[in-house]
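Please read the structure below before turning to the comments.
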Amino acid sequence: MNGSFRMCIIVLVLGTILLVGGALAEKVESLGEHNADRLLIATTTSLDATNLLDLLEEKFKEQTGVTVEHVAVGTGQALEIAKNCDADIVMVHDRAAEDKFIDEGYGKDRRVFGYNYFLLVGPEQDPAHVTGLNGTAAFKAIKQAAATDPRVVFVSRGDNSGTHSREKLLWKKAGYDYAEVNASAWYREAGAGMGQTLTMTQELQGYTLTDSASWATYESNLSLVPLVGNDENFLNVYAVMRVNEEKCPDVNTDIAKRWINFMISDEVQDILSTYGVEKNGVPYFNPGRGSADVMGVTVEETSDKVA
Amino acid sequence: MNDLLAGCETAIRLILTADPEVLNITIRTLQITSSSVGISAIFAIPLGAVITFRNFYGKRLLISIIQTLYALPTVIVGLLCYMILSRSGPLGELKWLFTPYGMVFGQTILIIPIMTGLTIAALQGIDPGITDTIRSLGASHLQFLKTHLREARFAIMAAIIVGFSRAISEVGTAVMIGGNIKGHTRVLTTAISLQTSMGNFSLSLALGIILLAIALIINLFMSFLQNR
Amino acid sequence: MIEIHNITKAFDGNLVVTGVSETIQKGEIFTIIGPSGQGKTTLLRILGLLERPTSGEVLLDGISVTGLPASDPNRRRIGMVFQNPVVFKDSVFHNIAIGLRYRGLPKEEIRKKVLQKLHEIGLSGYEHRNATTLSGGEKQRVSLARVMVTGPDVLILDEPTANLDPVSTEVIEDLIRYYNRVYNTTVILSTHDMIQGQRLADRVAVMMNGRFVQSGTIFTIFTRPCSVDVAKFIGIGNIIPGTIIRNEEGLSVILTHGSLIHAIGTFPVGTKVKIAIRPEEITIHTGPDRFSSARNVIAGTIEKIMPIGIISRVSVKSGDLILLAQVTWQSVRELDLRPGDRVYLSFKVPSVHIMPDEP
């Protein structure tokens, strides 16, 4: 065969080789190095949203030459990925899930590096009158108001994220059976990340629970307002742990340990204390250093270097 | 509507200024998609030819299954490939998860059914007189297949275009296997998904316009080849 | 030389070819004629090695070719042209060259041969034309060239001009005769057009109900059809039932519808027969004068005069007997024939052909 068909084949093959093999200029970084110089973090969208991780990864690379990458998914999926040995580090904000992860032998050397608060955000008119109430009282108010006022709607992440777990806990603390709440007409499960959930909440003019870092990132696009926050029920503690090499022999243990120490190092804790203050007024993440009491954890967890 | 216009504006701006991040994402998109289309074609077209011209028990069932796989949700393919490429999975040793190689793997698997099925359709659409002529001219088995493929080349090229379109436009597989890692596995569709979830609609639309522009260029190129 | 040994072919239990045996000489043009749907195409496909027979075999120069693999050199000695002109979506050059490419000939040689063939079929200069843009006749010429350029010993054509206009048909027929003469190619062709058979064939076989019911020269079949079906197919206008009442001097006398007809034959008295008389061999006379040496004379009345091209068929009724005579327009004018005229039909004894009456 000859003519245009052969030419077409040649172009296809050449094109494939060219594009696959060639990196065009410095603008394209190389494809997939998967060797000792790579650390993969499975983390949550709330940590990713502020671009904090991008910044820290850059600094780590400067210091150690190691490329760090992260995949941002829900807490549930992050822990699953780690269990499958597809990540070296896990950074989430769900104490109960973390405990289970460690107890099952997958996680080691957990350190708590930062915290912020969840916020209950909602429409300015606040039909459920939650303003000024504390965490559990606010949830109670929403449920009761919803019974009579059709304007009152609660939107949930519904995706096993850290935020979702906290929300379920709060319903329980308020004295309700979650299954019942879940089945109510005024309860909407978004099954989505924080950004999308907030957008949906805005459209429905409803209430939702969000972490403050995500809120700070998205609030400019939204007309919702924060109504309840800074309550001990809304404490949101972020931890980092590494995947146990006994369960996952290919894990980059040395680098993982260095990352954990990096996260609780003074340098990073200093960064956290100022990160976001300009735009947000307060840091996106309060440094964990020295705040063990506030967070309800041991001092060792905030400062003990990993051997 | 405002978002749509803003989207067009943004698209033009991003293209003209050769915005580095968009360029990075776009080139990676092209690399991954063209690789998967190329590899798929190498498997799918001969496979389609062999299936078409061999009679075996269950042939019609096989073709039905292939056509059913057109409807595979991309997330499912992503999930299945994730389980295969995971460290705890059979191909974990390759360490392709969260890398572009893994994404090529996933997209290739995604589009092989389409390209195989459409190749079969293209070959079955050939006038039976052509098949008789080829046989009566004494073609060997390989010559038989090659001549048929050449005769159906326009329809097969259409199959390649369909495969390309499905690959470049899918999100589910790219996000599950790639992880949408900035600077590493982020492609146009996963970036669009991210920007949309963050509420940056006009940027999403801009990226969408860029994606379509690429598809348009490829199609024009293909039709240029066909007309020569 | 081709030997066909008792070929049968059944599709899903239906016997389409019911037993064909024949020997075809090298360089012969052998034509299979017959109505559509009687197995011609199937038989030719078997001879062209596109189908396997249910039983029987085909030998080419003594070698059995029926089960050979695709690229066996013996298989490549047989080429086939089909009823629907088939061209590849490619240039005319590529179409003709394809068989040579299969055989791995060098480019220069291919080019020479293809250009020569283009010249032979009268399409020089068409090399780069897209073959799908050609007319039906041109496509069929290309198909023929495509096969002949590979130099086959046997050329099989399945109703090659059935879909073509008369001019293209003539071109194709000329080419077939040319190739047969110049390359001594054995030609096996099928047609439902008996006149084409007459033009092209050395020998003819009539295929009906999946078998050859009669084979021989075209002259034999025309004048001595072996059965009513064959007679009807070849278009003998007069087929009449009758009974042998006498035999005298090597002639049979047949009583039919009240008239007596003399014919050559020795069937036993009392046999029920069908007699066939070609309309062309019946002469019309307006008066009972000299009938030359015609032994058969029948008086009757003109029923209808039907013009067909430059001739006319005149049906004449005599009692219950209706005979068709064929005359030129001129004769109709000169004799001033009109329906209702009383006329005399005369025809010679040899013009009457006796066939056994089939139930």
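The chains carry the letters A, B and C, assigned in the order they are written, with residues numbered from 1 in each.
By our rule, a contact is a pair of C-beta atoms (placed from the backbone, for glycine too) under 8 Å apart; a residue touches a chain by one contact, two chains touch by 3 or more.
Just so we're clear, the structure is a prediction, and the values are computed from it rather than from any experiment.
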| item | value |
| --- | --- |
| Far-end chain from chain B, centres as C-alpha averages | C |
| Chain whose Cα mean lies nearest the overall Cα mean | B |
| Whole-Å gap separating chain A and chain C, where each centre is the average of the chain's CA atoms | 87 |
| Centroid distance [mean C-alpha coordinates] between chain C and chain B, Å | 56 |
| Centroid distance [mean C-alpha coordinates] between chain B and chain A, Å | 32 |
| Multi-partner residues of chain B (each touching 2 or more other chains) | 150, 153 |
| Parts of chain B lying in touch with chain A, wherever the complex brings them together | 20, 23-24, 27-28, 30-31, 34-35, 37-39, 41, 86-89, 92, 95-102, 146, 150, 153, 157, 160, 179-184, 196-200, 225-226, 228 |
| Chain B partner contacts - residues on chain A that touch it in the complex | 1, 3-5, 7-8, 11-13, 15-16, 19-20, 24, 27-29, 31-32, 34, 40, 49, 54, 69-73, 83-86, 192-193, 195-196, 198-199, 217-218, 221-222, 248, 250 |
| Contact footprint of chain C on chain B as seen in their complex | 127, 129-130, 132-133, 135-141, 143-144, 147, 150-151, 153-154 |
| In the complex with chain B, residue positions of chain C that touch it | 45, 48-50, 70-71, 75-76, 78-80, 82, 84, 86, 88-90, 98-99, 101-103, 143, 146-147, 150 |
